[in-house]
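Shared between the two complexes below is subunit A, which pairs with subunit B and subunit C, respectively.
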Partner chain A sequence: MIRESFSEGNSWIHGIDPRLRVTGATAFAVVVAVSYDFRTLTTALLLALCMALSARLDFREVMRRLLAPLIFLLLLWAVLPWSYEGDTLKVWGPLVITRPGVTLCAQISLKTICLMVAFMALVATMTVDTLGHTLNRLWLPDKMVHMLLITYRYLFVIELEYQRLVRAMKIRNFHPKTNLHSYRTYAYLVGMLFVRASERARRVHSAMICRGFNGRFVSLRTFPPNLRNYIFLLGISFSIVVLVTLEWMK
Partner chain B sequence: MHISEGVLGAPVLVAGAAVAVACTAVGLKKLELDRVAQAGILSAAFFVASLIHVPVGPSSVHLILNGIVGLLLGWAAFPAILTALVLQAMMFQYGGITTLGVNTVIMALPAVVCYHLCGPFIHKPPRIAVPAAFACGAGSVFLGAILAGASLIFTEGSFLEVAGLIVTAHLPVMAIEGIVTVFCVAFLKKVKPEMLPGYDAAVFAQAKN
Partner chain C sequence: MSSVIFNLSKIRYAYPGGPLVLNDIDFTLRAGDRIGLVAPNGSGKTTLFHVIMGLIKPLSGTVEVFGAPREAEVDFIEVRRRIGLLFQDADDQLFSPTVLEDVAFGPLNLGKSRQEAVTVARNTLDFLGLNGFEDRVTYKLSGGEKRLVSLATVLAMEPEVLLLDEPSSGLDSSTKDTLIDILNGLELSFVLISHEFDFLSKTTEHIYTMHGGRIRFDQELDIHTHEHAHLMGKQPHRHL
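Take a look at the complex of A and B:
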């Protein structure tokens, strides 16, 4: 099942105004993504870890999410140190490990982990519908917000449909193998998903028309002010100023 | 086909975001109000279908299907794929804020290109339609891998080896996507041909008689 595990928590971070969290996370991510100084990156990593701690994220869940990017980083560590031109750090037989290669790998690894942890702590801790209403307040076009929310709404419906089709395939003793028959079966499964999605969309659209849909997105969600918002705003602005200073003021 | 956060340099990230914003704006502009629900729910189906793992020998790959999304949605593939990527970021943390633009371009631009190149041939007789569908499925993955590789190389010239590895790793995926797209298009042509581009009800009625 598809689950939004981080959004279910109930911590200090979960209570902050989502608009602030989205803008804060974006500003943080932009600054970190363009930084190369190790002082900046380690500070950012510490900040990200603090955010993860105060959002009380499940440590094992965080590690599981980091697995895929870690594999990519491993690939970089396997290729870049010897393929990068530059002064030599170490010689292992025919392989020459260069200093800039190792530096670049370390920078990328720090950035990747830092950006992902911060995203998990600040943005993944809200549900997608909250994100939709938030982005609407942050001037995302109505159509885009509609699409995001409709997709989110019907994601779980389509997933159930998918599971039903897979169950039917299993009952007919379908065992996936590397052959044309399997690929054809999967292609028909995908095709059926699209057909059913399209049929459902027709009905959904009719229902929307019945309720007076005219393309305007009316968000009834309120984001009440609270003290935490100001503390967070202060904290994240201060962190970004510190990061920018560390990176660009030598 | 994701590039993780923190790998790409600022110019590539900015360029990716700019192209993604511009093309998504075009996609939204071309998406009539009647088709918003259609695009949203197809985007959900695309998200679910991309969770399907098909076996390749001892291992397995997951479907990407951006070629079919292109055929079904045309320019609206941009907002649809952007939506799917936002959901993937929210639920599985594949990708993130700064790479959202680049990743959208990597997947959606090939979809739109294949829609324009292969779309007109889908309703032709099988000897034309089958190669066109294969080209659409395989080509959109190939173009995507090339774009991913290019964004790495433009970040740092020495990413050449890694970029090469990525394109090579996608070769079997290309073949599988091509085959799956051929069958999927054949299925849709039988079951619901009006979903595919260039469908003309009058021509079909004539052909049937």
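Take a look at the complex of A and C:
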């Protein structure tokens, strides 16, 4: 389920115009993604940590959210160092650890953690529906924004339906085991969810048509200007200039 | 004779692979009518509403709304603006994250400016006694609140007619009373589907039933008494 604990804070980052935050985070992400110099990447990581600190994110929650990408990175570290060709760094029995392999792993790890933290600080600090309306103002295609917003709205309904089905299974004494009966039951459960979700989609669409929906959402949000917007704009532009200089002006 | 709002004649409809749900139905609603529709589950009441709104195309028969025949999708745009349909499940109707956005959705689609739409939405919420609900998150509302907010989303479009699909189901008695007061305070014609005779008798003038894919007309309200038995029946009591 979607938990939006970061969006509930009230640091100065939360008060910045969401459009600036989304554009800033995107620009930052592009620069970091195409950088390979370790000076650039460590600076970017430091910047990301600064953002997380100034957004006053809960450290344990940040770590909890980093867990999934960390497991993924672990997988890379387990495979890439010996499977990549290049200068030998170390020999462990039959395994040859190569320098480019380790370098690549380190780069990927730094970039991943850096971007995750930056997005937690800048983007996860707004609710999904604010994000939707923000993207709408940033001229993202209407369809994508609708999909995001409607998924967000109906995820909860679908979860309720899932819980209802699970309860219905439990009260009839269903215990999952490793047998065909359990697999079939779970397949029915998933199938039922799909059927119900598509039926629901049909009804929601009818309801929208009845209220004159013509394929266009109009957002009611307004984002008033404030001083913090300018400070943030200055800060993020400066950071990006620094990163670009470190990477390309040697 | 008062003006005809809609006139269905000889409507037939069957879901793919199913029997006829609507079998040569004739149904007319005139301005000022308040009709209750009571019938068993699966007898085609909801289908009938969807035919009127153009959500379902009948296999045969004619749909005439506001004096013009309605066949193509474009014909129904005006119908949907002037007739409000309240869906059975409020979760189908409320799809915006917050209440105000959902209520303003209809007026915005009708071409109102943001400012006007917000004003209409706030007025509608006030009228239904839902002040302070503007920024509530729709999926976190209780069942009764969801029903009233859905009604607000329909009323915000300022319809001339309402089609209400089981508005009273799943509501507690106080919310039901609120709903009865609201419906009786509206100067609109409506058709209301319900399984509850008490609710229908307090809100409508005529009650029709559906049977075998047809509508049985004119069962005027009769006051009658029952004998009935239950525990503690000798104690003075009232039934609600």
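The working rule: the second predicted complex is superposed on the first by the 244 of 250 C-alpha atoms of A that agree within 3 Å, B and C clash if a C-alpha of one lies under 4 Å from a C-alpha of the other, contacts with A are read in each partner's own complex, and residues count from 1 in each chain.
Going forward, a residue touches a chain if its C-beta (ideal position, glycine included) is under 8 Å from a C-beta of that chain, and two chains touch if they have at least 3 such contacts.
Every value quoted in this text rests on a predicted model; they were computed, and no experiment measured them.
Q: Mind telling me which of the two, subunit B or subunit C, contacts the most residues of subunit A?
A: Per-residue touch count on subunit A favours B.
Q: According to the stated criteria, A:Y152 is in contact with first (subunit B), second (subunit C), both, or neither; which is it?
A: Once the two structures are laid over each other on A, A:Y152 reaches both partners.
Q: Is A:G212 touching anything from subunit B or subunit C once the two structures are fitted on A? First, second, both or neither.
A: second
Q: Does subunit B (first) or subunit C (second) touch A:W248, or do both, or does neither?
A: neither
Q: Touching A:V204, do we find subunit B (first), subunit C (second), both, or neither?
A: Touch partners of A:V204: subunit B and subunit C.
Q: Is A:K111 in contact with subunit B, with subunit C, with both, or with neither (first, second, both, neither)?
A: first
Q: After the superposition on A, what does A:Y230 contact: first (subunit B), second (subunit C), both or neither?
A: neither
Q: Both subunit B and subunit C touch subunit A; at which residues?
A: Touching subunit B in the first complex and subunit C in the second, residues 128, 149-150, 152, 154, 157, 200, 204, 208, 213-214 of subunit A appear in both lists.
Q: How about subunit A: which of its residues touch subunit C in the complex?
A: Residues of subunit A touching subunit C: 127-129, 149-150, 152-154, 156-157, 200, 203-204, 206-214, 218, 220.
Q: Looking at the complex, which residues from subunit A come into contact with subunit B?
A: Against subunit B, the touching part of subunit A is residues 2-4, 25-26, 29-30, 32-34, 65, 68-69, 72-73, 75-76, 79-80, 83-85, 101, 104, 108-116, 119-120, 123-124, 128, 131, 141, 143-144, 146-152, 154-155, 157-159, 162, 176-178, 180, 182-184, 186-198, 200-202, 204-205, 208, 213-215.
Q: Sort out for me which residues of subunit C touch subunit A in the complex.
A: Those in contact with subunit A are residues 50, 53, 55, 77, 80-81, 84-85, 87, 89, 91-93, 95-98, 100-101, 104-106, 108-110, 114, 117-118, 138-139, 153-154, 157.
Q: Where on subunit B is subunit A touching in the complex?
A: 4-10, 13, 24, 28, 31, 33-34, 36-45, 47-49, 52, 54-57, 63, 65, 68, 72, 79-80, 82-84, 86-87, 89-94, 96-98, 156, 158-162, 165, 176, 179-184, 187-188, 191-192, 195
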